[in-house]
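All remarks here apply to the structure that follows.
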Amino acid sequence: MPDVQWRSAVAGQVDGTTVVRGYPLDELIGNVTFAEAIYLVLKGDLPGAAESRMMNAMLTACVDHGIAPPSVVAARTVFSGGNSLNSAVAAGALTLGDHHGGAIEQAMKLFQELAQAGPEDMAGAARSVVAEHRAHKRRFPGFGHKLYRRDPRTVRMLDLAREYGVGGVHVEFAVAVQDALEAALERPMPLNVDGAIAAVLCDMGFDWRVGKGFFIIARVPGVVAHVVEEWRREKPFRRLPEGSYGYDGPGLRHIPERR
Amino acid sequence: MPDVQWRSAVAGQVDGTTVVRGYPLDELIGNVTFAEAIYLVLKGDLPGAAESRMMNAMLTACVDHGIAPPSVVAARTVFSGGNSLNSAVAAGALTLGDHHGGAIEQAMKLFQELAQAGPEDMAGAARSVVAEHRAHKRRFPGFGHKLYRRDPRTVRMLDLAREYGVGGVHVEFAVAVQDALEAALERPMPLNVDGAIAAVLCDMGFDWRVGKGFFIIARVPGVVAHVVEEWRREKPFRRLPEGSYGYDGPGLRHIPERR
Amino acid sequence: MPDVQWRSAVAGQVDGTTVVRGYPLDELIGNVTFAEAIYLVLKGDLPGAAESRMMNAMLTACVDHGIAPPSVVAARTVFSGGNSLNSAVAAGALTLGDHHGGAIEQAMKLFQELAQAGPEDMAGAARSVVAEHRAHKRRFPGFGHKLYRRDPRTVRMLDLAREYGVGGVHVEFAVAVQDALEAALERPMPLNVDGAIAAVLCDMGFDWRVGKGFFIIARVPGVVAHVVEEWRREKPFRRLPEGSYGYDGPGLRHIPERR
Amino acid sequence: MPDVQWRSAVAGQVDGTTVVRGYPLDELIGNVTFAEAIYLVLKGDLPGAAESRMMNAMLTACVDHGIAPPSVVAARTVFSGGNSLNSAVAAGALTLGDHHGGAIEQAMKLFQELAQAGPEDMAGAARSVVAEHRAHKRRFPGFGHKLYRRDPRTVRMLDLAREYGVGGVHVEFAVAVQDALEAALERPMPLNVDGAIAAVLCDMGFDWRVGKGFFIIARVPGVVAHVVEEWRREKPFRRLPEGSYGYDGPGLRHIPERR
């Protein structure tokens, strides 16, 4: 290929045929599922049947959790200002930062850095990682739940990973960290659904840099549905309601004479 | 429900259970595909087997077309400025306006307004719609192709719609418009893949307001893959290369004395 | 200039000197105010003293109106998700659509289309424009106020325009439309501050396409201040508070057996 | 003030009067410049005459540098996809990340952390900071220039700071770091214009968290001018030109039989 400024291995033309990671797009249409096409663009090859089922389960788990999260509020607020659906959905994606949907990426990065110790002494490796994190007062992304001692969605995700045969060393390590954390803290600190998805994505061979993107792909359909609902049901211009906000700056004052 | 400022029928809590359109999220995980979950959030109910297969085909058709479209350029450029993956993906969504991925929504709107004439005289209805549009010099979104007399991807999409049994009056009307357009213009003006997807989505009962969102959902995985590739392979700060740009404003001048 | 893909008359290099609209940037620094630099990039030349003072007054009028508008809510929400300041400010700009800060552009477009009738019979022209708009049930952007019969900020803006000598036919026309509207409606429909700024910008020779941009330039400092305040004072992740939202979709149901 | 979810000291209502940092907005209009209004929202009080002049100089210095930077390319590309001006400007802001306009914030943070050593032994403090940074292979934001041994824009900025009397310990420290860096590296490493603005903003008492926002405020007018120019002069849909891009992924291949 000539020395061009813009090059990509995701998709393009080969001898006049539009290909995605080498496969003709026309051949993919009708022969692979959307979850398989997602796996293909992210990972570079088509998944096996087990990976395909696991992708469907994990993507579905994130599709929408209701109107309360900031990404939905931002998306509906942008639409409400008199903007296009795509601008509103962009605002939803914009909101998905380190504190919102970020745990999958963060946990994947951690698992990929730490799980390399190998499976010989998983429990020992987990204990020393936990001790080191606690010494530096670092948080463990992907652990903790407001309500549950064991997150039922995590249990479901790990059951499916076992059933499909896609779990491996990273899932083992994540569970070992949970046990080491709880032993050290002497209170529940369960692997949550973000942490479980992170561990499974690691075992499926995904780069941690894909983690946030995976969540965005999974959540965008929900954001779209919310924006369409805003469009069909709500009046424009969502100003904060009276009583929900206030000014706490300097009291009334006047510009000094000399100016 | 009390009179709250923010309400949604997409997802939420019923008696402590997280539901999506009424179905417990935990029950959906592992039992529906991601394409079915997308159909559910957008349309309000689960698809049948035929609709599910058609969703997979249409979503896959849009997943990525390479590095050249403006949405990919904008996304990679934003990442290149030293920003997060989610900001870059948001820039991709921002770019998907009226001229980029907008034909599905526009064609759906047109088909839903016009196909109501009913199936009695489809050809006649198409001819009069075409005549009226030409009199007002309006474009028909979803028709025309740079290369082909018949777009092979359209043919594939309509074949699948027929095979799965999801095509109907809107597909018929779209083909009738193609014939009427070509008769009037005396040159090829084929239904393209955006027009075909639009017609099938109409026959599946989707509101035209979903059209742009459908495309965004389908294309976001490609944008994510491009941003991850930018992250892994490219140096920061994509400035325009020397020679590709120029200044054509007023020549060098100086601030007048009196100021 | 060679036939390049990207060309601009806003700024660039002339013989190795960075110029803005032809003026060396180094010469502008310290010799023009920021309001004059804004006028220069938008309009192509430096303003006179009167235009410069009017720019300062109009830009200051829009700088911030508090925390309640959707642009501030969206910006602070995006920051709260764990994102960068520039992403949050971008979300603020994203929110400034047709229903939020859009009246200046809309009124400028209207005034530029309609004020061409000329100053001979301004009152008559205004009456016929109002009659035509009412016949088509079109709204007049830039008119109306929740509280006031006469908006004190409009009065201030028009006084300054008179004092500085920058008002002209568009201001006259805007006032004539106000009178014609109120005569036809038999209730107050005052020119508001957006309408007044729009009329003055028209009289200063700005293209209506600049109207939304003028408002964005003026409001971005306020959005930045809000995001910095969010950064310094608030905890992350602004979820909607309990009790302010609800689910009103289908009741709890289960996936049909046959699937 | 009651315990509300949204509170702000930037602007709001006091006894029915709209105030910005306590000053009635109506009083500000016509009595302060836009640069002073910007200082007010960012810093909480009105500037003196010297600060006001320095604000104008620094904001003007950043207003626009031509079409080549990624923020302009992203903004014009988003508009070109068929989107609104405000979406396009938002894309410009989105692009202003760590590698594009980020040096002011980064240098301010550094100067505020390090300049606390006090003015007794500025040169010694600078030398030890440089040594420590070099030992950890950290970059110094705000230093270095492609062409110049001394950046003429920096010289101008520091001259103005001296003339207006707003420079202080941070400017001194920045120059001391330049000298220590050049002594250690044995090559030119001049304080650049971003570094100079950063040092002056520190001496004017701004929080480093304001640095990126300052640049955004200053650059948005240029981005607006570029988007208006795109609107008036260019055809929609800026696809990459043929020959400037390429596919370097897997060669043409087919979906395995077994699927």
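Letters are used for the chains, namely A, B, C and D, taken in the order the chains are written, and counting of residues starts over at 1 for each.
Convention: a contact is a pair of C-beta atoms (placed from the backbone, for glycine too) under 8 Å apart; a residue touches a chain by one contact, two chains touch by 3 or more.
Please read these numbers as outputs of a predicted model, since none were measured by experiment.
*Asks:* Among the remaining chains, which ones contact both chain A and chain D?
*Replies:* Touching chain A as well as chain D, we find B, C.
*Asks:* Upon optimal superposition of chain A on chain C over Cα atoms, what rotation angle is obtained, reported to the nearest 5 degrees?
*Replies:* Answer in degrees: 180, to the nearest 5.
*Asks:* Have a look at where chain B meets chain C and say same if over half of the interface residue numbers show up on both copies, different if under half do.
*Replies:* Copies use mostly the same positions to touch.
*Asks:* Counting only Cα atoms for the centres, state how far chain B is from chain D in Å.
*Replies:* 36
*Asks:* Any idea how many Å lie between the Cα centroids of chain B and chain C?
*Replies:* A distance of 30 Å separates the two centres.
*Asks:* For chain C and chain D, let me know how many angstrom lie between their CA-based centres, rounded off.
*Replies:* The mean C-alpha positions of chain C and chain D differ by 23 Å.
*Asks:* Identify all positions of chain D at which a residue touches two or more other chains, and write them in rising order.
*Replies:* 5-13, 28, 32, 66-68, 73, 83-84, 86-87, 90-91, 94, 96-97, 238, 240, 245, 247
*Asks:* Quick one: label the inter-chain contact graph as line, ring, star, complete or other.
*Replies:* complete
*Asks:* Can you tell me which positions in chain B touch chain A when the two form their complex?
*Replies:* The touching residues are 5-13, 18, 20, 25-26, 28-30, 32-35, 37-38, 40-42, 53, 55-57, 59-61, 63-68, 72-73, 76, 84-87, 89-91, 93-94, 96-97, 101, 152-153, 156-157, 160, 207, 209-210, 212-214, 216-218, 220-222, 224-229, 231-232, 238, 241.
*Asks:* Quick one: which bits of chain B touch chain D in the complex? Just the residue numbers, please.
*Replies:* Result: residues 66-71, 73-74, 77-78, 80-84, 87, 90-91, 94-100, 102, 236-240, 245, 247 of chain B touch chain D.
*Asks:* Mind pulling up the chain A residues that touch chain D in the complex?
*Replies:* 1-2, 4-15, 17, 19, 21-24, 27-28, 31-32, 44, 46, 83-84, 86-87, 90, 94, 240, 243-256, 259
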